[in-house]
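To keep things simple, chains are lettered A, B, C and D as they appear, and every chain counts its residues starting from 1.
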Amino acid sequence: MTAINLGMVGGGQGAFIGGVHRIAARIDGEFRLVAGALSSTPEKARASGAELGLDPARIYDDYRQMATREARLKDGIRAVAIVTPNHMHAGPAIEFLKRGIHVICDKPLTATMAEARKLAKVAAEAKALFILTHNYTGYPMVRQARAMVAAGELGKIRLVQVEYVQDWLTEAAEASGSKQAEWRTDPARSGAGGALGDIGTHAYNLAAFVAGQEPEALAADLTSFVPGRPLDDNAHVMMRYAGGAKGTLWASQVAPGNENGLRLRIYGEKGGLEWSQEDPNRLWFTPFGQDKRLITRGGAGAGFDAQRVTRIPGGHPEGYLEAFATIYTEAARAIRAFDAGQPKPEGVIYPTIEDGLRGMRFVEACVQSAKRNASWVLL
Amino acid sequence: MTAINLGMVGGGQGAFIGGVHRIAARIDGEFRLVAGALSSTPEKARASGAELGLDPARIYDDYRQMATREARLKDGIRAVAIVTPNHMHAGPAIEFLKRGIHVICDKPLTATMAEARKLAKVAAEAKALFILTHNYTGYPMVRQARAMVAAGELGKIRLVQVEYVQDWLTEAAEASGSKQAEWRTDPARSGAGGALGDIGTHAYNLAAFVAGQEPEALAADLTSFVPGRPLDDNAHVMMRYAGGAKGTLWASQVAPGNENGLRLRIYGEKGGLEWSQEDPNRLWFTPFGQDKRLITRGGAGAGFDAQRVTRIPGGHPEGYLEAFATIYTEAARAIRAFDAGQPKPEGVIYPTIEDGLRGMRFVEACVQSAKRNASWVLL
Amino acid sequence: MTAINLGMVGGGQGAFIGGVHRIAARIDGEFRLVAGALSSTPEKARASGAELGLDPARIYDDYRQMATREARLKDGIRAVAIVTPNHMHAGPAIEFLKRGIHVICDKPLTATMAEARKLAKVAAEAKALFILTHNYTGYPMVRQARAMVAAGELGKIRLVQVEYVQDWLTEAAEASGSKQAEWRTDPARSGAGGALGDIGTHAYNLAAFVAGQEPEALAADLTSFVPGRPLDDNAHVMMRYAGGAKGTLWASQVAPGNENGLRLRIYGEKGGLEWSQEDPNRLWFTPFGQDKRLITRGGAGAGFDAQRVTRIPGGHPEGYLEAFATIYTEAARAIRAFDAGQPKPEGVIYPTIEDGLRGMRFVEACVQSAKRNASWVLL
Amino acid sequence: MTAINLGMVGGGQGAFIGGVHRIAARIDGEFRLVAGALSSTPEKARASGAELGLDPARIYDDYRQMATREARLKDGIRAVAIVTPNHMHAGPAIEFLKRGIHVICDKPLTATMAEARKLAKVAAEAKALFILTHNYTGYPMVRQARAMVAAGELGKIRLVQVEYVQDWLTEAAEASGSKQAEWRTDPARSGAGGALGDIGTHAYNLAAFVAGQEPEALAADLTSFVPGRPLDDNAHVMMRYAGGAKGTLWASQVAPGNENGLRLRIYGEKGGLEWSQEDPNRLWFTPFGQDKRLITRGGAGAGFDAQRVTRIPGGHPEGYLEAFATIYTEAARAIRAFDAGQPKPEGVIYPTIEDGLRGMRFVEACVQSAKRNASWVLL
């Protein structure tokens, strides 16, 4: 099977998530990075491209140029990874989608709702796929949890408790030279949500992915604990679901002792599931009235949905990069089928632009609620 | 040192918490159970008393009779443990306090705010102490956490995340013969709070105990998931503190896979602490920017406040009963000093009627908030 | 039910395990401490007795005096707890057994094999019971494990991996004033085993208790890491069982970061069990080819043998003192039956003098093996 | 930087470790698989090569043919991965080394000591590097542990406790069609060690890597629990080190409930370290007399040696494949330097043929010891 030619927008020297996307694209050998508009600074773009061993002719200063030229090449890129800050997602995504080049885009979808809607419209009409890298949905045990909920093993869902807790913004890292902190606390580049947009959207997406439902209303209390920080660094959200379920979402970047504490607990009339991103190969399942069981990736209790995205035996931990790679590999499966005029293969799952829109709406609703003293807002 | 003569109201055959109080009173040898009005059913009272080896002359059918008579005895009880359902706290407590007999009372304080205020008034004027058994404050690592917060090791507090999660009411246990479930889901006996009163007050008290502060406002979403249950079995609460801190409290009795998941996480500008009741001998401390540290009961990092309530070396787990016993032993220390006309000895801590009132106000405020669509209510 | 009158030999001021025995004896209310020969120093004996509220007439300077006098009293002690260093077990035990007073004795049985045999002979002929406080067998999840092995849930046993790891003797604590360290590293008081006798015998007993079998041969490598220490502070032992099972036992007091790391893992043809004393309310069970299951004290998977020694619901941790108390309470049940001329009640389990002899033989065999370059020695 | 052209011997359809090597080679983009002798069955070799997208001209039926031809190609492979069963390591390794093609070889080194010595001789004279994939040494926290021991943070080492425990051979999987089980239990293909060779050598290597020393003597008790199995499925080994340290190694494939339980605990005069492969991003460090500390990959306590092989921030777990990839990437760094006539770059670490020889000697000594009733054998 030939690898899919991939381009990248953003991800030049000093960036973080671009490198992650590149590893993820490589792990299963489904993609080959052949072109890039890696930085808006031409020199940096060229240096970054050279470092990655790109053909100089396919190192671009500008994503528009890349889109135009690659679309015309015989062996041009079939997909592009967009790994810029949030306010730079919609622009390139639209350029590539319009030219029938598949887009694999980092989250959240965009910086503003207006951009999101514009992009969604283009995506709906495009002859190409749009894949959003809500990478945590790539973990085998998250797939397992989703399948178990869908199969009714928890009964009707009552409670959805999700949190994503970090500590790296406990102090004003944005004031002491951290580029990652700078743009993530800048409304112009991040949009209306701080912790909310950066990690809250991941938590929201994960909960929806597993629960198979989204809240119909929420009440959010947003806080900027670090003086002078214009965006929230902590979000407390209560949620209500149409079917009667309730939940809370907590996103924080100021809780010392937490690295990437994304954790989901979901309970129904018949049982409960618990999963934590920092220990991702394990899923705890308690059928009510029975002993708790440890389902492991690769173990006896892992079903089809987990096994099909599992690479190595249980007890040999797969991690964040493998889960991220699964998003890429699912994208590759979908792209190959799409390009061959076939339907999406059975079992293939990836986050879509609809997920992205829902994440944007989640941020918007939280901000609205917070402005109204954390009163309830419909989603 | 002679053991303090103790009486008990409630706790007859079939009861749960009475037996816990009796063990707790025995562990450090500070109390001797010598009298009881163990049940309002005379036969059961007598059978229960006989089983406990009480002198038949000091087995009472009625707590008033016990109060009257014991107050007159030369070797009458100096303290009484009240372990009845919530609606039966105020009555006996008042009888004993009026007679100068110290009261050790189970939580929550009472079933109604009116009773609570009446009791508080009597307690304020009584020549006896009132101790409320918020037993989780007896854990050495909880004492340690409180001392660390008070000493400023976390800096100014920003976040208080507390939860108490169980699963035993996932189904309608109250309909299938569980006496414990029956009264806990009955407003006439429990008061306005279900999970809220039973375990939410514990969580609230624990958070306040460690944080050294209480919220000034809250918003609560209460749910009764089990059909026909008149009281909440799940409570989601957002909290705001005067100093700018925020928090959430989650109490649930319908989350399968949770036994007694009382867990506190508290974060400040300089560090974070994490503690869980099911693993009570360990306290996690992260000074921001440093490695996480495991403080153990009896270990190198345990300070004075933890050590003075520690019985055995680290690695030999102390549990729930020892923490409960610590409340009794602190009560004994306070009682001995009080009776000798001395001030409370240094270091002695126990939950008071003020804690009880604050717990009642917490329940009341949650119920108010819930009725107003979980809007904010001042405390 | 009237409490059993209990005496104590040893356990005066400054001692450690005496206090543990006293709490253990109190927890379930089955015993009442009424007499003591708490120290061989008369003044200390008296001060210690007074502190415990003993009747001055029943505070003895000498255990022989206590045995003689209490045997004659109408309400004399029916049982005595012996909590002296190892070399002071046999003497008092024999005195009391001869007079028909039940003995509850700390482990290891004695300091020397000769004493052990002498004591065993007396015990065999005595009109009283001998109970050895291998207290870890009192943990409900240890009882559960034993019952599961006995019921064949693991199939034929193949592997027994047990360890008891501490760090408190990493440095020469015996040289800096620790009384606990002094006698435990002194062959005259401890016998031939250091870590081996102090904690290795516990590990050995625990493994045998759960496995339902003892090794027939062992090879032991003993080490004294701390310069000048005459007894082992680390023991590595390989074991072979008659039925073909193999095992290892590791006892160490010089492994920094370990408090009381007593841990048992046992595997058979059909499944495995794992238990750790520092997290004693949980037992991991894996039926081969299925998910791992968490059996909790008080939880759904806990059977009769665990439940009958369980005091409080799951999720409320019981600890070391409760397990120790269970030994006392089982002793009380056995004593009451014995004194009434009845057989031991169903389900009652306590460690006997045979367990003590086996522990002594274990130490002896390890020392023999170590002297012969860790070659195999038959048990 | 151009990727290094890589060939592969073994790893065709149905194989396990070949796929792992391919992912590992891809993760950091340092290698490009361009040629293969993937199976000794020509048809399978071709099908496997096609599946991997190899140029048909570079799919070989025979590794000798591949060595000969690739050595002559202008863009021929510069390195080859050997991923065949143990008895097929030496043959191909020698062919490629002789032609100056670097060899990356799976462990254990060979099936027999004779082969190992022959290979070592060739390697010593070759103009190419030999890298052995003891992949666990690629984990950042293992690097961290090694660096801490080397820096003296534990003081003089006293105890080395290592184990690698699995359960997949609890039953006779080799008799029911598992190819993985078949060759691993076949002396002709595996050599003299079963569990010993397959996972015991990993445990041995890991312990030596971190401790910075190897035992000078050992005593091993080997067992084949599954009837009819010609090789050990369980190994208990006691070890003695020249400097006075002691240790045990336990390797088992018949312990139900264990997936890949590789765990190292190492203790010195000043502190202890604990690490487990199933939770590889965490390293526990206890300086004696202080609180235990959790050093995390990417966290505050991770030093240079860990950081240089870390890809993503703490809390985003890296796993088995990343650790394996690190071996490849270290190999790439060494290969690039070697080919440029430069010394190995600072910090670069990879397992060598000497490590392989030591592993072989370990197996040999264990087998010798086991034959002599587990008596001590010098290494």
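Here are a few things to note about the model shown:
The working rule: contacts are C-beta pairs under 8 Å (C-beta built on N, C-alpha and C of every residue); 3 or more make two chains touch, one makes a residue touch a chain.
Keep in mind the model is a prediction, meaning the values are calculated, not measured.
If you take chain C and chain D together, the chains in touch with both are A, B. Chain pair with the larger contact count among A-B and B-D is A-B, by C-beta pairs in contact. Chain B and chain C have Cα centroids separated by 34 Å.
Mean C-alpha position of chain A lies 43 Å from that of chain B.
Between the CA-based centres of chain B and chain D the separation comes to 55 Å, rounded to the whole angstrom. The multi-chain contact residues of chain D, meaning those touching 2 or more other chains, are 258, 285, 292, 296, 299. Every residue of chain D that touches chain B in the complex is listed here, in rising order: 285, 289-296, 299-301. Residues 158-159, 161, 167, 170-171, 219, 221, 223, 225, 234, 236, 238, 240, 244, 246-248, 250, 252, 254-258, 265, 267-272, 274, 284-288, 292, 373-376 of chain C are the ones that touch chain D when the two sit in their complex. Looking at the complex, you find that chain D touches chain A at residues 1-3, 16, 19-20, 22-23, 26-29, 51-53, 166, 168, 258-261, 277-281, 296, 298-299, 311-322.
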